[in-house]
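Multiple structures follow.
Two complexes come next, and they have one chain in common, chain A, joined by chain B in the first and chain C in the second.
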Partner chain A sequence: MSVAEKRLERIGLTIYGDDGTIRSGAGNALYTIHEDLLFITGLEPRGEDGQPAFVGRLGREYTREEGYQAARLVAVNMLTVIQNALGDLDRVDYFIKVMALVNTADGFSDLPEVADGFTDVMTEVFGERGMHARTELGATNLNNNVPIICDAIIKIRD
Partner chain B sequence: MTIPEHNLAKMGIDIAHVDRAGKGVLPFRRYKDLVFVSGHGPFDMEGQPLMQGTVGVDLTPEQGYEAARLAAVRMLATIKDAVGDLDNIDYFVKALCIFNSGGDFYDMPAQANGFSHIFTRAFGQRGQHARAAMGCGTHSRNVPFMVDMILKLKR
Partner chain C sequence: MTADERLEKKAYELDIDFPQNLLALVSVRRVGNILFTSGSGCATFRQGLIGSQLTFEDGYLACQHIATIQLGMIRQYLGSLDKVDQILRVYGHLTVDDDFHDLDKVADGFTDVMGAVFGDRGRAPRTILGSRNLPVGNTAAELEVILSVKD
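Right after this comes the complex of A and B.
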């Protein structure tokens, strides 16, 4: 078991066995690899059945804390994609950049606090290597009306 | 518990957990000769917003330009911290400019120049960059503008 998987187990999270359920539509790759860079598509907070586990907006259907939990589930989806892309989570060298799109209504502006759900999982699993530059924005609509979508650029170990 | 931890426990030493909750975001992350800069807005060095509001609703386009300029000023502090000496910058690669916008405000490129002009005036041709500009629904702390950037260092 990889170091990252042990840490995941310790915080009570399990990645999905297969990234097939995360796939949203034909023609859209879940990730691409260029040399030692792994580019991950924007991912939603989906359950293991592949269905969105959160549907709604921050400031309307969801509170900040619920948004944080949705962001943690996005991280679980991303770890599943990374595991399938690299075969081993320990092949992650470090995270470079994350874009967090938060579905908001009524002027909800606690975007960093929501996106921290994603970032916290990555630092819990990868430590310092899970830290990253990040941009958040409050979107007016997201696919499936999910509360948050995150993409990432990751450096793969040489 | 691992053997070292067990031995430490016998000595009465309990290793504290390093808590990174809420602290995982870096102002920038370097990859080879590229620096990826996090989203920056019109904030002061203590993180207090210098402007708040929505361009096209309670702020004018001109105020949007000023917010973009203030975000550039704040980002330059991060960039200088990242590269040490601004002469170490080869050129700027890409910026994403995001306005908190509403009403009939569609003039994002012109007002995003509040950000871009700082770089072209300071760095000349090397300050030019590919750019996307867009409007969104909200920003952190209700600031009107956020921008991130990728820049290239000299080898």
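Right after this comes the complex of A and C.
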């Protein structure tokens, strides 16, 4: 079992076995690899059944804390994609850049506190290597009306 | 058919004339064998909020239009689209109304063109968000790409 998987187990998170249900847009790929860079698509907070587990906006349907939990679920989705892309989470050298899009109602501005749900999972799993430069942006709409979408650019190793 | 010929065909279908000098603004930058493009909109081709002032179909067409413009920029920079290795990542904004949530299917207009021109090498991870205001009188969408090129 990889170091990252042991940490996942310790914090009580399970990644999904299959990334096939996470996203199935027609012209999309879940990821691309160029040399030692891994580009991950913008991921929604989907449950293991492939359906969005959260639907609604921050500041209207969801509180900051619920948004934080949705962001943690996005991280679980991303770990599943990384595991399937690389075969082993320990091949993540370090995270470079994350974009967190938060679906907000007017007046909601606690974007970093919501996006921290994603970042916390990655640092719990990868330690310092999970830290990243991050940009949060309040969107007026997201696909499926999910509360948060995150993508990432990751440095990988052999 | 080469990628350049497929682009010409798409531009013809969509009735797009490429501006004489797409590089008037710095539109493409290269580091190593990775290219970054500026976001482009579709100017006055479609303006307004998708879901109220514009239909789903308008949004899809706008994204097709922008993909064709982006490929025109890339071709002008590289000389030929045959030098494109892989589309690595797509990022974009759609101008949408409050209750419109089908963003991915609209953005498929962009990725469908990339797929038509490059096949599997045009399939890429994608990050799309809804916004309320974009340049040029609320052009319907704005998209950009990161791609790799062959040596």
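The rule is short, and it goes like this: the second predicted complex is superposed on the first by the 157 of 158 C-alpha atoms of A that agree within 3 Å, B and C clash if a C-alpha of one lies under 4 Å from a C-alpha of the other, contacts with A are read in each partner's own complex, and residues count from 1 in each chain.
Operating definition for what follows: a residue touches a chain if its C-beta (ideal position, glycine included) is under 8 Å from a C-beta of that chain, and two chains touch if they have at least 3 such contacts.
Just so we're clear, the structure is a prediction, and the values are computed from it rather than from any experiment.
Chemist: Based on the superposition on chain A, does the combination of chain B and chain C result in a clash or a fit?
Modeler: Because the two structures are overlaid on the shared chain, the partners are seen to fit without clashing.
Chemist: Would you check which partner chain A:151 touches, where first means chain B only, second means chain C only, and both and neither mean what they say?
Modeler: Only chain C is touched by A:151; chain B is not.
Chemist: Applying the touch criterion given at the start, work out whether A:107 contacts chain B, chain C, both or neither, answering first, second, both or neither.
Modeler: In the superposed model, A:107 contacts chain B only, not chain C.
Chemist: Roughly what angle, nearest 10 degrees, sits at the C-alpha centre of chain A between those of chain B and chain C?
Modeler: If I round to tens, I get 70 degrees.
Chemist: Of the partners chain B and chain C, which touch A:95 in the superposed model: first, second, both, neither?
Modeler: first
Chemist: Which chain, chain B or chain C, ends up touching more residues of chain A in the combined arrangement?
Modeler: Touched residues of chain A are more numerous for B.
Chemist: A:139 in the overlay: touching chain B, chain C, both, or neither? Say first, second, both or neither.
Modeler: Both partners, chain B and chain C.
Chemist: Name the contact category of A:28: first (chain B only), second (chain C only), both, or neither.
Modeler: A:28: touches chain C, not chain B.
Chemist: Counting only touches as set out at the top, which of chain B and chain C does A:120 meet: first, second, both, neither?
Modeler: Only chain B; A:120 stays clear of chain C.
Chemist: To be precise, I mean the smallest distance between any C-alpha of chain B and any C-alpha of chain C in the superposed model; what is it in Å?
Modeler: 5 Å.
Chemist: Of the residues on chain A, which ones does chain B touch that chain C also touches?
Modeler: In chain A, residues 37, 137, 139-140, 153 are touched by chain B and also by chain C.
Chemist: Under the stated contact criterion, what part of chain A meets chain B in this complex?
Modeler: 37, 94-97, 102, 104-105, 107-113, 116, 119-120, 122-124, 127, 130-140, 153, 155
Chemist: List the residues on chain C that touch chain A in their complex, please.
Modeler: Contact set of chain C toward chain A: 34, 86-89, 91, 94, 96, 98, 100-105, 107-108, 110-112, 114-115, 122-132, 146, 148.
Chemist: Can you check the complex and tell me which residues of chain B touch chain A?
Modeler: 18, 20-29, 31, 36-39, 96, 98, 100, 136-142, 146, 148
Chemist: For chain A, which residues count as touching chain C in their complex?
Modeler: 25-32, 34, 37, 39-42, 99, 101, 137, 139-145, 149, 151, 153
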